[in-house]
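In the two assemblies presented below, chain A is common to both, partnered first by chain B and then by chain C.
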Partner chain A sequence: MDKVLKIEQAAALVTDGSILALGGLSMNSSPMAFVRELIRQGKKNLTLVAIVNGMAVDWLVAADCVRRVISGLVSFEGMGLAPNFRHAVESGVVTLEEYSEYLLIARLRAAATNLPFIPTKAGLGTDVIGLHPETTRLETDPVTGEAYVACTPLPVDVAIVHAHAADVLGNVRVDPKLLWMDNEIVNAAAKTIVTVETIVPHSSFIAEPHRTTWPRFITDAVAEVPWGAYPTSCFPKYGHDKAFFSAYSKAARNPECFRTFWDSRLAGPDTHAAFLQANGGAATVNRIRRPTT
Partner chain B sequence: MQEKLTTLAEAIALVDDGNVVALQNMATQAAPMALVRELIRQEKRELGLVVLVGGMAVDWLAAAGVINRLIGAAVSMEQFGLCQQYRKAVEAGRIRVEELSETLLNARLGAGARNLPFLPSRGAIGSDLIAQNPENLKMLDDPFGGFPVVACRALIPDVALIHAHRADRYGNIQYEPTVLWPDIGIMPKAAKCVIVTAEEIVDTEVMRRHPDRTILPGFMVDALVEVPFGAHPTSFFPNYGYDSRFHREWTDVSRDDEAVSAFLDRHVLTPSTQEEYLDAAGGVATLSRIEKWEKRG
Partner chain C sequence: MNMVIAGADCTIDELMVVTLARQFDNSTRAFNGAVSFIPVCAYLLARKTHAPELVWAASSIAIDADPACLGESTLSDSIWDGAVMLSNSPFDFWAWAQGMRYNTFAFRGAQIDRYGNVNNTVIGSYDEPKVRLPGGGGMADLGCMIPDIYLWSTTHSPKIFVEQLDFRSGIGWGDGGDHREKLGLPGGRKLCVTNLCVMDFHPESRAMRLKSLHPGIILETVRESTGFEVLLPEGEVPVTETPTEEELRILREEVDPTSMRLREFPQAEN
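For the complex of A and B:
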């Protein structure tokens, strides 16, 4: 019944060659502590499903954990491109299977609902459809003659999401409610691993049942990691760390600088707390935390 | 921002005879009953009703001769019994029924909401629902060579009628603590026109304190009316429970056309305001009772 694992144990559930879906959106709510642990455990040949992501994909690519990325967008938004991801795709080390966000959502929903396809009008008139005849196909509705795109299921081995709270049974809560497309990956995945800011008593879930985002039968493992989305945000508790993103991008321009940055500030520290400490400690926490409203 | 606040009379004037009207309702729960009564008061005719699981609202609309067709999964008042006026009208052929499962209806509305010709489902395979509804349900081969699906044709209602916990005057709508039923999520997105009643109208500043509670932004709402206890006699969690006594009073008379007519006269046609309606239903004593979530009235 108890779903709580140490983050090292939870990451050990991921086998080489798996299809992993990463939660969050762009600079927000990525399961960064878990990703760092995957890197420390030296996972290989992963396929990443990331509807919109940045830093998590870039780390895993930099650590040579990844062969294929299925995504709508990988970038640091206003802070530039994801440098290691870009380089790996350009040099052919990583294969990119590109969709729009909505085509990916439709594929994940087909997997979640056990349907052979889901139709959408997203992608009509673009070249994205023609890129993947095996998975997205232009069709005509026999009754109305309208064109649509049929999207096949995208099966996911493991979904990794970061949330605010869980109980030991594996019930999970996102505060105040889910903002990103994490439901899509969780519902499509064979297994779901959740990192949470805090483990709370089961009674707290019973008291406010409407706030439960995922009931325990959906989750396979829960690991408590305060600030576990750092350096991405975990609204409303904390924002993303602009300084980390800048320093990372700057270091990535020079392989030697990046190696130093990687060892001292990223992969080197043995715990997530030590990782935060290596990136400014209490001063960083106070900079990113948002006031209680 | 455009003002959406109006009166029941003006809001329901947006509904034309013959329209397809989607009604939020789960048996004894969460129906926009003040809007339903106003449909009857304005003597709307030949409406098509779309409802996931209809209750007393459907029975009243059938009794008053407002609807001549219904698309839905079930009509019943659960432990209070069947809707006898609706049943009688269906048996007599005055109301035509398109029966769907809840999943198929959500798929039809979902296709309407997404401007798709259809959405696929596996929900009805092996049942007779598909053969009975060749207009709107069709077996479709998977273009990728997998198993076939049921294509559920898009359904776009002319109007959706919704009841909510709070709104601001610009039609931003909030639910407390969260949406419990699937019809609220899909009907307003599928319909061309959305009419909402809310338990209370609050300042926009109050709405902004909990933006996560907003289920419909103002631009999706055409008309809004403040109606406290607007779902009575159905429940409106967590504010109040359903009125058992009122449901039993209705089921006691609902087989008898003359008694039905007197009941509708007393509870629907005569009261000219929400307060007069609530007083006719027992006033403060009733409100206190349903706010306590009485199990037996």
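For the complex of A and C:
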């Protein structure tokens, strides 16, 4: 079965109100082209699962696509807090369901493996455990008397990840095997949509099966979007665009500036290629491209 | 650029890096998180001076990375050059953290209390926060998993060193005493290095205790800058040992020639 879709078609698979898990970590390998398309299609009431994230969550929150965020951390690292996310949580427009990184991983693993809970020592003695006693339960092992946290399943409707290559059948290669926590969300998800830098011949997967990350029965749709993680990175092809992060943060200080930035450089352009063009085009691509070794 | 410390021929960032680096040895197996220039510099400096076997996973990913200079993020590929392995978060990292294959980590915090517990979640009440901070990320996890955890702060003030955290994102010595042990958690906080002083933890109460004052810093300044009562060591408070010329040369020329570590200081221009 051919799983290749245009990005517009792939984004249309996401229905309003669904639980959407975003791949990548912080400034790395987020499915930004897909996120932009969700915004353009005006999705509503999404619940985002984003273990460690920044720009993707901030965009979707700014576009009013989000009702709830399930996360361990949302920021622009050294470039500061994610401005729209911060304001939306402070004002109560968006509900934050907060865990630590590993508690989230454990919850996703419980969902992926059909277990009632996964035990861990992560979070013991912190206030994080008290936030959601229904999903991260403090328990004691009846045999050894040891304390642990029981993490209940976190089912995901759709996982969306960005990868390096796929064939038309939906076999996917993350290459090198930098999976961040993408495997956790993919395994917990009912549906997985993958955007890739390039579609390659099926024969290349047969030639090097040891480089395959997810086989076709794990994936539901594939969309080819070169530079599809921009402005986050896609190692080793390109790094994140520091200039975009800075300009975005600066614009967000003033609503009028942000509106202009949003229309001209973010949501306005109708394709990912046009979006790249609006952000410097070839000059930007040359700046973020990593030297090939 | 930070000011040169009188009588030390180095700046405060350099003193902090060197102080931290001297804590590590060949058995140190460390990794780093976001905005962690000071510890990253310290791991690299230790490896390039007295601890050649030290393990450092850049961004928790790139094992034995040896970058020619640091990039503007400590959580990106800008510091991965020279790595022997790019490891995976779920399979490698979290297994190695829980198995204590990694034994060393360093935290900053928007708030730190006397027992080295940290907050990076909210300032104010949780439900109606004054400031919604980035979130604890892996703080709650790693505080329970890694035995040797160091704290650092480039802005030692009563706003950061508080009597009571607004939220405990990561456990240090918990409520003090044997709290960690009772929870079945390994190790604990080792040391806290700030722009004013070095603090360790009392072996029984586990409360923060002054270990040394940086050159030119008086006890009164540390007291005024700390929201809780800092314990004092017995006898005279020592002055933090200053870096050697060789340590400074390696830090300046080989570890961080573009001075990315200054990004952690308020006056730095980003």
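The rule is short, and it goes like this: the second predicted complex is superposed on the first by the 292 of 293 C-alpha atoms of A that agree within 3 Å, B and C clash if a C-alpha of one lies under 4 Å from a C-alpha of the other, contacts with A are read in each partner's own complex, and residues count from 1 in each chain.
Here, contacts are C-beta pairs under 8 Å (C-beta built on N, C-alpha and C of every residue); 3 or more make two chains touch, one makes a residue touch a chain.
None of these values were measured; they are calculated from a predicted model.
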Applying the touch criterion given at the start, work out whether A:N28 contacts chain B, chain C, both or neither, answering first, second, both or neither. second
Just to be sure I read the superposition right, which of the two partners does A:S71 touch: chain B = first, chain C = second, or both, or neither? second
Counting residues of chain A in contact, which comes out ahead: chain B or chain C? C
Touching A:F117, do we find chain B (first), chain C (second), both, or neither? first
Give one of first, second, both or neither to describe whether A:A150 is in contact with chain B, with chain C, with both, or with none. first
After superposition on the shared chain, which partner residues are touched by A:K177: those of chain B (first), chain C (second), both, or neither? both
Looking at A:Y102, would you say it contacts chain B, chain C, both, or neither? Reply first, second, both or neither. second
Look at A:N84 in the shared chain and tell me whether it touches chain B only, chain C only, both, or neither; answer first, second, both or neither. neither
Which partner does A:R137 contact after superposing on A: first (chain B), second (chain C), both, neither? first
Considering only the touch criterion stated at the top, classify A:V52 as touching first (chain B), second (chain C), both, or neither. second
Quick check on my understanding: which residues of chain A belong to both its chain B contact set and its chain C contact set? 120-121, 146, 176-177
In their complex, what parts of chain A are in touch with chain C? 25-28, 52, 71-75, 77-79, 81-82, 85-86, 89-90, 96, 98, 100-103, 105, 120-129, 131, 146-147, 176-181, 183-184, 233, 235-236, 239-240, 242, 290
Going by the contact rule set out above, which residues of chain A touch chain B in the complex? 114-121, 137, 139, 141-144, 146, 148, 150, 152, 176-177, 208, 210-211, 293
Contacts from chain C onto chain A in the complex sit at residues 34-35, 61, 72-73, 75-78, 80, 86, 88-91, 94, 98, 117, 121, 126, 129, 131-141, 143-145, 167-171, 174, 179-180, 183-185, 263, 270
Contact set on chain B toward chain A in their complex: 114-122, 138, 140, 142-144, 146-147, 149, 151, 153, 177-178, 180, 209-210, 212
